[in-house]
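One structure, pasted below without further comment.
Letters A, B, C and D name the chains as they come in the text, with residue numbers starting at 1 for each one.
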């Protein structure tokens, strides 16, 4: 940590800081410059943060030097991690496809979508039983009835389930059905929910907040990790910018940037980011090429009748192309497409 | 609602839409242009939204014409509303000052801050017992102990309490102490929380999400209003932009824009937006001048020791100036400073 | 300047930097921390910048401590400046109104708009002869014919002229007519133009780039100041954000922030920022209240027929209200409305 | 074009618009809805734009239905174009690598960088003789001396030159040396410059403005095309967002989005977007995978001594990897790496 003093700061101001830092068990080294003095601190950053040095007289700025997250940090865990969802890996050696309908609407629609997902090479099924809708008048999801449909479809297809939980209160219920809990972009800083999923004993998929910096995203992951749960997969799904031609702006550089800062797997959502069917396959190719550990894609048997996000869902006609991409692109980045392990279809979690 | 067809759309495509709209009880009027056809729809917008017209073949765009919020809309309620918090009004005839410490730290600090608040002209006390912190290692608030401190301070000073609730699960507890529930920027799309505060029987202060459009903000208010609670005060606290010189960018134009779209009162937070002590008074003057119904300002007896957001808190030396602004500026916009009604200090809510 | 070394940096890496800094005549002080080493530099920042320290092995970050602009900096010139345009001051003791039509269309329209401007309290006339239009098919302005119209209107009304120059090549011509040269938001980083207006012997109004940080804005001013011209007025006109309810987002906090960093006057454009007639007067009140040194406002006798930006222009019916605001608000911030000095109507510049 | 009337609009308001539209030779069709009336217009959009319908009484919104650009539009020119620079194609069948030093510093440095570029598979040489620097104190480029160095290096290596021109006044001079003129992000709306390069008889590389929407970018291209020059290559180089972990945010989705809207080639700059050496190769893979027609990459023999943007330049050690990517990835998207045509090294332009 470095403190930048204002030009008009006095010697007394500097000494006050040196003393304060000492009370926190740290050391301060002042360098007097031509126009300013800077003070380097050695010691425990969290203790220094609690001192509120920015509020001290004469301080112009405080620059933190060490990262504010630890458990999820690559510094703490130099090898990249693999998270396993009922035997299906998401990690650095493979590319994992998660696919399914944005919302669980009916048993038939969900089963058809799951079949489409498998045909495209998916090894995990996504589907929303709880939908966070910006408008209170829009379809909010089937709730537990939707979870039961997903469980039935898992039994039929063998695909483990990834589904969103929107409230801390529902975590236990959702965890009793799902193999992986998803935290959505709008809940990126719902700290109660993050702590609850951290304690739920399931792998978590943490979507980036639509206006979250990479640092905020990793600190959200740290909330989960603090509860002892490091089975976290980060999902880049686009950020909010001034451009309106796409629903969000996919921040493709976040994949390598985060993989250097954190050991957690990073996947990409090419459906919600672009928001357009015709962008899904191009963004998928880009994601695999840049080293994403996986993709999460919307598919729907009849998007015309989808109750949410129909325009971005892939349809039957796209599946062959998606399957080809999933089959052919991973080799170019020295990976293989994840395939389903031999697995029981019983409801007991792995 | 208007549907814009792509140039290559066929007559069959158009007819498919006209038929679909009829099934939803609406009417469609096609205008064939030089290069495109547009279709105007008459009927229930929510029904049309459910049809997912954007996914129909040949559709280039769908433009919604009516506002997606109703209960909070000015169209529904032409006069501007006044929300009353234990007898203290927030509305179009007055300017109400809400002030207090960002976080409740100790009984003494909170009482001192409340005294500072009153001296500056405040009629409502803010103070955080639950603090949503981006870092899991930062001070998270005293919880219920903090609520008790606030209740004691209310008894001593007569100032009703505004405090943040961060989880739907805590709403009942917080509502048993607080006179007004605050929903923070990071929970702007925590729909479970919005619904819970909507049902809690208390006025609500809804902060704008840091990346929320005005429309999203009003739809969040609509979630609350749907539960029968229209005692909602909207709080503009700055939005996230590329500029880093200030903590957020205060969107001052949101005040008049929202006052034309919604009947709800709109207040401004000049503390969290600018993030700097030296910006609080300038932003306060601007807010009163533009017609804000109130301000919410951080004050702290010893910001050097504040456990959160010390750099933006006003101190004793600023109070005289704030009191002068609160006293002198409202008249210029034909308002008066809100003063405390005669009130009992019993804990029973008004 | 402070260099932050990466955790894996070696002692050799540190020494390489210390040596390099010495070659630039500076001194480096290394502080070895628990997890990292930081190096404080004392010396000439520009020399250090040229060393490209960020590219040295082991460097994680370089934090610049002193401001990159000097001539426009408040540090260099502690008192706030007043810029005079043909006797009309723009500075800290007054509030100056600049008003007129967005584009010069006809002699009659321009004269009527100038008359409206005077009635509202304006002491400077704005009008565009060269219009930078995003679409190449839109009206681009009358060019020199427009400048002649402005000159005639100046003679009739006594109002000095502020007009935009879009190309370095036109500077001499425009300067022969105008009293103040305006650089538009789209040319905020047109460095050739900045240098040309810096050398033109006229006061300059520098609009903030629509995505310019305050620092970039001040460095653009520094380009002008480097040519010996410190008669620069900065104009905040809104920045680009994700919000689409307004044309731009007026960054009202930029006024006090910049006034603390630079001695140059800062004015506000409430017309192009909000982009709506009904926001002009509210934003004007906010701007005066926050301490802006002036306003620049669009007026038009017949906005229905305006060739550009009609929707934001004030009309006759608004003038009385604008005149009242200009008359009544400045006193609240200890200023007076600028009034026209006794002036000759000859074309010779002051 | 569609006009949305406000709820309180009267029948007279509607008729006023219908009449006005008729004067512009168009037709208006009013659809009266439950809460609003909408009016569809048939006719010449440019004429309608000139009418300033938004300013008419009762109008809430005007939605433009057809694209504002024509010459660059895919609608006008259904096949994707190939632009040829002295025999080197940039288009849909190939992937073209443009590489070289960010700034031309010395003959030796430029020749070494050009050699590096060729080794990596480049068929065009980039190098800046005129550098637009945000700070007036930073190295601004060698000017004509830099152009001469580039010409010499072209003679030695056979690589045609792409170089930036920053002012309309310099276009003739730069065009006398360069094979392709580059317009930088800061000049994206320097309309005088756009028109000048449009008339210069050279292919143009048009970088996206750092806050330009795709529509604004294409309209900037339309300025160039209006002068008869359709040899325009669009370059996505990242947009400005709130995220500071990267210098800009590469908008990878812009590649497919623009390729559907315009027939012009689209390339990607992975150097200035990420701003970090370690992101260049990942972003390059993503760009090729998503279908970019080319890449433009910074290389430098000694980035430690680079006078600008050293931290993002690739070095010798990276070349083998870049060459491998350029060789292996294009096949996956059915393209081939562009190779140099047999060409004379004479200075006469093709």
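The rule is simple: contacts are C-beta pairs under 8 Å (C-beta built on N, C-alpha and C of every residue); 3 or more make two chains touch, one makes a residue touch a chain.
Note that the structure is a prediction, hence the values are computed from the model and not measured.
Visitor: Work out which chains are contact partners of both chain A and chain B.
Guide: C, D
Visitor: Based on the averaged CA atom positions, which chain is farthest from chain D?
Guide: B
Visitor: Could you grab the centroid distance between chain B and chain C? Build each centroid from C-alpha atoms only and quote it in angstrom.
Guide: Centre-to-centre distance between chain B and chain C: 32 Å.
Visitor: On a C-alpha centroid basis, what's the spacing between chain A and chain C, in Å?
Guide: 40
Visitor: Once you find the CA centre of chain C and the CA centre of chain D, what distance in Å lies between them?
Guide: Whole-Å distance between the two chain centres: 27.
Visitor: Check each residue of chain C and list the ones that touch at least two other chains.
Guide: Within chain C, residues 211, 240-242, 244 contact more than one other chain.
Visitor: Write out the stretch or stretches of chain C touching chain A in their complex.
Guide: These residues of chain C touch chain A: 2, 4, 7, 29, 31-36, 38, 40-43, 63, 65-66, 75, 240-242, 244.
Visitor: Flag every residue of chain D that touches chain C in the complex, lowest number first.
Guide: 46, 49-50, 52, 54-56, 68-69, 132-140, 166-169, 186-187, 189-192, 210-211, 216, 219, 222-223, 226, 240, 303-307, 310-311
Visitor: Can you list the residues on chain C that touch chain B in the complex?
Guide: 211, 213-215, 239, 241-246, 249-257, 260, 273-274, 278-279, 282-283, 285-291, 328-329, 332-333
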